[in-house]
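So the structure is just underneath, and the comments pick up after that.
Which chain is which? They are A, B, C and D, in the order written, and residues in each are numbered from 1.
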Amino acid sequence: MKALVYAGGTKKAFEEHANPEIQSPTDAIVRVTKTTICGTDLHILKGDLPSCKPGRILGHEGTGVVEKAGPGVAAFKPGDRVLISCISACGTCMYCRRLMYSHCTTGGWILGNTIDGTQAEFVRIPHADMSLYAIPAGVEEDAMVMLSDILPTGFECGVLNGRVAPGSTVAIVGAGPIGLAALLTAQFYSPAALIMVDLDANRLEVSKRFGATAVVSNADGKAADAVMRLTDNRGVDTAIEAVGTPATFELCQQLIAPGGTIANIGVHGTKVTLHLEQLWDRNITITTRLVDAASTPMLLNTLKSHKIDPRLLITHRFKMDKILDAYETFAHADKTKALKVLIEA
Amino acid sequence: MKALVYAGGTKKAFEEHANPEIQSPTDAIVRVTKTTICGTDLHILKGDLPSCKPGRILGHEGTGVVEKAGPGVAAFKPGDRVLISCISACGTCMYCRRLMYSHCTTGGWILGNTIDGTQAEFVRIPHADMSLYAIPAGVEEDAMVMLSDILPTGFECGVLNGRVAPGSTVAIVGAGPIGLAALLTAQFYSPAALIMVDLDANRLEVSKRFGATAVVSNADGKAADAVMRLTDNRGVDTAIEAVGTPATFELCQQLIAPGGTIANIGVHGTKVTLHLEQLWDRNITITTRLVDAASTPMLLNTLKSHKIDPRLLITHRFKMDKILDAYETFAHADKTKALKVLIEA
Amino acid sequence: MKALVYAGGTKKAFEEHANPEIQSPTDAIVRVTKTTICGTDLHILKGDLPSCKPGRILGHEGTGVVEKAGPGVAAFKPGDRVLISCISACGTCMYCRRLMYSHCTTGGWILGNTIDGTQAEFVRIPHADMSLYAIPAGVEEDAMVMLSDILPTGFECGVLNGRVAPGSTVAIVGAGPIGLAALLTAQFYSPAALIMVDLDANRLEVSKRFGATAVVSNADGKAADAVMRLTDNRGVDTAIEAVGTPATFELCQQLIAPGGTIANIGVHGTKVTLHLEQLWDRNITITTRLVDAASTPMLLNTLKSHKIDPRLLITHRFKMDKILDAYETFAHADKTKALKVLIEA
Amino acid sequence: MKALVYAGGTKKAFEEHANPEIQSPTDAIVRVTKTTICGTDLHILKGDLPSCKPGRILGHEGTGVVEKAGPGVAAFKPGDRVLISCISACGTCMYCRRLMYSHCTTGGWILGNTIDGTQAEFVRIPHADMSLYAIPAGVEEDAMVMLSDILPTGFECGVLNGRVAPGSTVAIVGAGPIGLAALLTAQFYSPAALIMVDLDANRLEVSKRFGATAVVSNADGKAADAVMRLTDNRGVDTAIEAVGTPATFELCQQLIAPGGTIANIGVHGTKVTLHLEQLWDRNITITTRLVDAASTPMLLNTLKSHKIDPRLLITHRFKMDKILDAYETFAHADKTKALKVLIEA
């Protein structure tokens, strides 16, 4: 089969690769129908993730059709249309019993990282019963692809951890795909204010269409002042960090109201400064989280009932044999205005 | 009356001072029967708290007898024996309605800080209905003094924020009075492990008597390794920071298990480093809090029912006219082995 | 002044009454600008509430202008436009500290019950700081009247207690004003299904306009079957009882899914049957609650940010001197299709 | 092998039975080393549980050694010493993902009910990875047997659902084995009052030894009055129903304070009366639950750390070939004072 393979360093190749096989009774082989590219894939291609070795097929998002199911797979059979979760989980280890699937002792985020991923014709899914979801009748497959990673990530790491609540005030720092996923899912809880902060004028425009009640450019470095003005100088109840840099984490500390929560989604490559000399007595909570995808069944319900339309996030479409073009488009989002690029078999 | 007055810089005096008067209908004047000294008082005497101006009577802990009650005080009358909370709260502002009494817009920690405090013969207590508590029959007044600040601080900022739970593992970094208060109140929740970390051998000995399941000296800088060994290399579910330095906050980050909570109690004077490059994907929660004393009624219940004996914390006793000696003893705890020093009228 | 007075038995009169006076330092006198009639007022007029004695001015909802404020009132002064909460609360008693304002030892629901109410030119409001709310600029006073009782009741007793959540399924039994208030506020949490059950075809029609995802008539006594069909035979996660009869409480027990919550809002005059022989092993929660109005600040935020429009509930308007006509209209809602009738000074 | 078999009606037999075999890849066969008898077994032997058919081996508690493990069992291998949970759970179905293992679509309470149980030489355990637990070094096997059912049941259905908290007041109605298990595990949370109510003087005596702060005999039908006296006429914050009759559920309604929780553990055979005409406005919560055994890992931690000694519950010991004597002893607990009877291979 053809697959997008990490070639080490900053290199990748779309090349011939052996088909995956069942390795464990609980594995399933899925024929991929749709996939997409994640910011994390770009991180790998910068050489930032030593866990991902050369020769690895990338990709941890997608939908497909079950091709084979191991004898220990109870919930799925060949021919079933499925969503592939970015998180594989055994369901029985100490972490899985606490619903911390991201820390599953034999799973977690392994797809397209420590085992071959979804940017290929076929993919092997371990712990299939816990890691695949049936696609409900009447739900568009395009929308489902957004449930592999980006929607649960924005929702769990940003909205749930950030305790977004009716009538509360929320700032999301970073209006990229993940910040926008937080913006969409934050609206499940009807906050009074949903303020998006970014440097990119286009993304702030998109944020308005996606439901932001206000947008703030930090091009002048004065976003904190602007957010204070928008909140009667109280700051926000929830600040969601959706970039992953010391500067944006610092901004969140400036924005947060007493009693508030800073929910980190960003992937951080370096340490940051925490101003405990200012925050020690302000009753603040700071959270970090790798998506557990524990909310996937609930997100499926919101999708079926039309409470959210994640297709808004899809800006470009490619056939699988043009996946290198898809990478180009996604990697230059500043020019192409790409959010999520859909790649179809 | 005689009072312990902050004289600016690093100076204090035990001197004559005018008696306090009712200033608002909800004020009460309390004749102080017992008081004590807090680590924060020492901070003031290092010149660290600009909010506390020269001429201020120090002290925010104590018990006493109501001398006068303003016309708006409903719950207390002259002659009532009372506990004085370190936190004054109106009960009606936006923060008080969220039980964040520490952020009361006309209260919070003001006693011995922005208004005169309890290290005197008399003290004016604003918002008396919310800021005083009747001393129940059968409860020792000595024990009550520990409920002014140290017990609710250890419990709310450390134990509650740290989500200590039956069967969980807890490390408390810092075995001073506040760390020991956390140690005592953590036992309300029956954790499986309660590991105390400190540099001082005496305090670690005391910790054992107070219920620690293990003690770890960080004299060799290897406390993190020792805690890992004690927890099957998982780390602890709760790490309570009870010192207030970058190094001890760093240690908490090394100790914490995936899914765990770092609950900060320490008063920090400088910024700290947060290792988001290691913690962003470990589902960690970090909390800060100034004590709200919202748990005082509950702590009174545990005291009445003998679930805790906070008199364990009292190591020395002085008469009020020897308060300067009490300060000496408390300031040199490394030599005197002082925890809390009780000062009696 | 003129006031609507309960005359004992099933009688009422709109008659001359002495103006209220400040009785306690924390009282305020409010000139009523708008008020309304509650189902509970009709209960009183059936002789159902012995706590309400003849001679009592009825009414516990409304807006107005502060006329006088006692010396202990800190937050309001004459001339302030205010919302009157149906719940009076001291803010400092054992129950108020738990945010159970409904059980305030010197407050709770007393207006138009054990003290004179709002269906008059003036009303005395005890504990004014906790029991009045400033009307924010830009919010319509008509909408505010719905925040006195009906919106916090539907929200706290039905939605919050019922743990309505994104993607969950909800049935509300009873589409009267209180059930509709639950319907409106349930949407703060984006449930997947919001099924309204009633006997009245008009109210079911109204429910559709208010956001119900399905409506079920129980005219044939087969509502339980219909709800089961709508939920893949699972039942609902939340069943809100908004009528107050044994039959409707029974229906909720038939509708509820394993793990679900039955949240009672209805005022019950007789005991009911609880089928523990069927429910003991189904992990069910049942809640009761008298509104605490603890959510009023949050509801004000949702109103200011246009997340809800409670004016939808207002079907009729009357001048105060036509209040007897308003009672006629409201008492015959089956014919008049009245939901809430607004009475203006 | 020999096994205790339900013979229909009120009959049982200790007789030869075919050994169990692996039926599914995730099954394990366990050689039973210790088991016990549950009140539910007596219910079956009264003909009360139609789900349990004649020919069924009874028993859902015990410890043992893994004899065989199916190819889909990852966590256990032959020779492992294990605790058998009374709840079998797949870990992946809709209910298991919510930690409602009792409602697992292919598990739940099936052992000794719809499949053969543990009162035999060998037992087949479905979903072995989720339904067995390794016995930690240093923990007595006798104590472990109490973790199969009685401890998690008392803890989850009574203590957790009842929201027992430090400083709170608790009444447990019923001092049989399950009520005593609630009494033991309630102490994890340091309530201020733990009042046991029963008719049997011996069980009340036992309760005192197990940590009750007060005991109340309801022999005179006046337990409610006595509990009110013990709680300053407030009632209790938590009432745990551990009998399963209309009268004891009624008593719980009389005991409960405003804002309190009635947590039902009792197995009810008939409907009960709920006094909503008294409770509708008292902010009460009522919960039901079939044990999920989701707390088993946590209970293991408390056992390992000696926070609880469940061997206190064991009053009698029998060899397996005397199991009919064990049944006699357990069935006549009023005379034999039996709590739990341990049956050893």
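Miscellaneous remarks
Quick note on the criterion: contacts are C-beta pairs under 8 Å (C-beta built on N, C-alpha and C of every residue); 3 or more make two chains touch, one makes a residue touch a chain.
Predicted model, so just to flag it, every value in this text is computed and none were measured.
When the contact pairs of A-D are matched by residue number against A-B, B-D or B-C, over half are shared only with B-C. For chain pairs B-C and A-C, the one joined by more C-beta pairs in contact is A-C. Spacing of chain A relative to chain C, judged by their CA centroids, is 41 angstrom. Averaging Cα coordinates per chain places chain B and chain C 42 Å apart.
Counting partners per residue, chain D has 297 as the residues that reach two or more other chains.
Contact residues on chain C toward chain D in their complex (touch as defined above): 95, 98, 100, 102-103, 244, 249, 258-259, 264, 266-277, 279-290, 292.
Note for the complex: chain A touches chain C at residues 165-168, 187-193, 213, 297-302, 304-305, 307. Residue ranges of chain C in contact with chain B, taken from their complex: 25-26, 71-72, 74-75, 90-92, 94, 96-97, 99, 106, 129-130, 294, 297.
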